[in-house]
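Per-chain residue numbering starts at 1, and chain names A, B and C are given in the order in which the chains are listed.
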Amino acid sequence: MEISFSLERLAKEIGGTVIGDGALKITGVAPLDSAKDGDLTFVTNPRYAKLAAATHAAALLCEKEIPGVPKPFLLIPNPYAALARVIELFYPRPVPAAGIQAGAWVPPTPQSFPGMRRVRSHGCVRRQGRRENRSLSGCLLRGKFRRRRGLSFLSNVTVRENCVVGNRVVLQPGAVIGSDGFGFAKAGEKYVKIPQVGNVVIEDDVELGANVCVDRAVLGTTRIGRGAKLDNLIQVGHNVVIGEHTVMAALTGISGSTQIGNHVVMGGQVGIAGHLKIGDHVTLATRTGLWKISRKKGSTSGRPRLSSPPK
Amino acid sequence: MEISFSLERLAKEIGGTVIGDGALKITGVAPLDSAKDGDLTFVTNPRYAKLAAATHAAALLCEKEIPGVPKPFLLIPNPYAALARVIELFYPRPVPAAGIQAGAWVPPTPQSFPGMRRVRSHGCVRRQGRRENRSLSGCLLRGKFRRRRGLSFLSNVTVRENCVVGNRVVLQPGAVIGSDGFGFAKAGEKYVKIPQVGNVVIEDDVELGANVCVDRAVLGTTRIGRGAKLDNLIQVGHNVVIGEHTVMAALTGISGSTQIGNHVVMGGQVGIAGHLKIGDHVTLATRTGLWKISRKKGSTSGRPRLSSPPK
Amino acid sequence: MEISFSLERLAKEIGGTVIGDGALKITGVAPLDSAKDGDLTFVTNPRYAKLAAATHAAALLCEKEIPGVPKPFLLIPNPYAALARVIELFYPRPVPAAGIQAGAWVPPTPQSFPGMRRVRSHGCVRRQGRRENRSLSGCLLRGKFRRRRGLSFLSNVTVRENCVVGNRVVLQPGAVIGSDGFGFAKAGEKYVKIPQVGNVVIEDDVELGANVCVDRAVLGTTRIGRGAKLDNLIQVGHNVVIGEHTVMAALTGISGSTQIGNHVVMGGQVGIAGHLKIGDHVTLATRTGLWKISRKKGSTSGRPRLSSPPK
């Protein structure tokens, strides 16, 4: 099956403007270096503009025209966001695609059976036979899914008891939601386990990467705020609260009871100690190590102590 | 079901002392900030004493009275350890709770079938139908479980062949025991795999966090000592020996053949090179990077080279 | 069953030279410190030569004779590589052994069923009943395995759709191949998911450790080059290219679109930013943090900025 659109049609789809031949037939989308004739390529970061002259693409999706590139342009203020729609057009399939691929096992218990229906409604179960559905994915889902839509659980995902998962949540393979928090009290030479009887709440539109671990609260709730996106292999300790639309890169660890604000951006391999409070719109560079924050009354925007080289 | 105890009764249960009205009816347990009337709250760390004045809790569990807090106290030398018992009283369920939640699949082979019985004796299998038990959890258990009690295997746990798991061990979801060690010999331009034919021994009362990896020994044994507690996403290399009652936080990596003593405390994201020896009761701060130890005869308490900011 | 070889016979097997009694009966192989009488021990690293005098082993496998050790030697230029063969002789089982232990579930879909046959040809499926095979391992395999040989998939492995896995590839438990790359475009206050429609190609003779995550490309391919060996808990971002015979230790993270050359050696907990290019035969010390490379035309051997102590 070949899929093609006129440049003009693509402009309509994303709400952009064509500079040049709008009738040009676009047959694919590809990065600057690998784009072939017929492809639409994209410049989502100005620092790659200089590579645009050498591309073999038929046309370019970018914010503004690039001098010295004698090709049609599809201009739009946010080309990266527009790229999402363009890719959907050339690779038509439900989003999140993952949901289609994975079986999701829901044990026949009252609280989670509705979840089964929700998953079905998303189609990822319907496409697989019951038996495959049971045995394929290795998912263990024991949370509450009542009235949820667009859930995507990939293979080998675990959602433990009493956890709540919102709408349009995507869990990549191996993600673990609701594992016991790391709570042990020193009693003489030994450690006594503090029962972890709280839960995890994953709000709407969250995506958690592969093998991410989100511990359940000792009491109360570990919360991942609406729209937050976590990369792979991230550790979220018990009673942590992550704000809305906060993003963090891989291999980051957040210790227990720390609160992270909304719209925070964190690089990879960041480490944050416990019981800290990070305000909204804070940016933490890759490898930041945060042990202490000089609190000003009400504010939390103190200078973090960095273990990463100063930027 | 409402659960309540008199403060006096709670004191008896944990062996503490009541200051104030022992007949006070306690209906729950909660942290300082979220406690409501009727709750028992707790101050397990002196630095939170200043928050105690503002709590809505009915009474406080702590080490000693906090001046300016006109409420009943339940005093005990180790309130954090006592909290474990208090939580059990208000959230009655077998401990480790995890065992109840997870199916554990044991293949029908002589060496592991006894393990099946042990798991049954703990109840986590009996509560689930055979079919659920098979297909739900995605656990692969091939180790030796003879005469074990109180095992808890959560979903998607892997315990590979010839590994030995002790009594009252808890494996959080996604934990991997007995994966091949990272042993490859350079032969010309290529690498030759060194067969990893040793095993892993997890001694009694160990808890391993979600997605922890413990590699099997190339020859001999990788050992996790009795009572050790490992947080999530920790890497334990082949032939490593971790001492008794040693605890380490998330995202820590320990390279092959390193020996860690008893009662060691390690923060998160610590990295330890291979073939090192760390003595008993050593503390490694978060982010410590340990490449070399200045050995004094017999001792291993040399100054580690830190990549984390000095404390 | 007791296995024994004469020293002479072992020499023949590995192509080495005997110094001393070639008729000596060797009954096992063990490290210097734990070797007993009858064992062959090994010195693969000169710095352990000083420990050789104290070993109870019957003979030593090493590069050259060690003065003051009055025992037979089995000399060979690369004793570590030879050790692989010696271990196989004393622990006879198919290599990679893992393949024998793990079930591998392949869904009944055209593209992957051939993979099932390949896995069968390796024997790891034939040894397990169909039902065990389905429900035991929790593997989800949806990639392309046509004409593959010697695949080893351990339990709870995930290989997602359209991914390609080469010959003699070993995936340790919990490895995730083809999870969605971390691509989200900021659109106002929210993030829009960029569909990740590319794939992952794992070339021949690659081994990936437990709970490793390799993200699929947004467009195109994330590639792990022939013979590369990755330790546990490593994150490989979307569109990353890892060269041939490159090795990296645990807890390392490689951000999207970074290209790593051939024969690169990386320590543990390394972090590499996105869109970087690292040449061939580069060594990155443990904990190296690579944000920027001073590019000389064509070359990429600029000084990395280190967060780890200079070596």
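Here, contacts are C-beta pairs under 8 Å (C-beta built on N, C-alpha and C of every residue); 3 or more make two chains touch, one makes a residue touch a chain.
What you are looking at is a predicted structure, and each value in this text was computed from that prediction instead of being measured.
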Self-check item: Separation of chain C from chain A in steps, with touching chains one step apart
Solution: 1
Quiz item: Through what angle, to the nearest 5 degrees, does chain A rotate to match chain B on its C-alpha atoms?
Solution: 120
Practice problem: For the copies chain B and chain C, give the interface type as same if over half of its residue numbers appear on both sides, and as different if under half do. | Solution: different
Exercise. For chain B and chain C, let me know how many angstrom lie between their CA-based centres, rounded off.
Key: 28
Quiz item: Of all residues in chain B, which are in touch with two or more distinct other chains?
Solution: 134-135, 137-138, 156, 174, 211, 233, 251, 269, 307
Quiz prompt | Interfacial residue positions of chain A with respect to chain B in the complex | solution = 105, 107-108, 134-135, 137-140, 142, 156, 158, 160-161, 174, 176, 179-180, 182, 184-187, 189-197, 211, 213, 215, 218-220, 233, 235, 237, 251, 253, 255, 269, 271, 273, 289, 291, 305, 307
Self-check item: Contacting residues of chain B [partner chain A, same complex]
Solution: 29-31, 34, 44, 78, 80-81, 83-84, 87-88, 91, 95-98, 101-103, 128, 131-132, 134-138, 154-156, 170, 172-174, 205, 207, 209-211, 227, 229, 231-233, 245, 247, 249-251, 263, 268-269, 286-287, 307-309
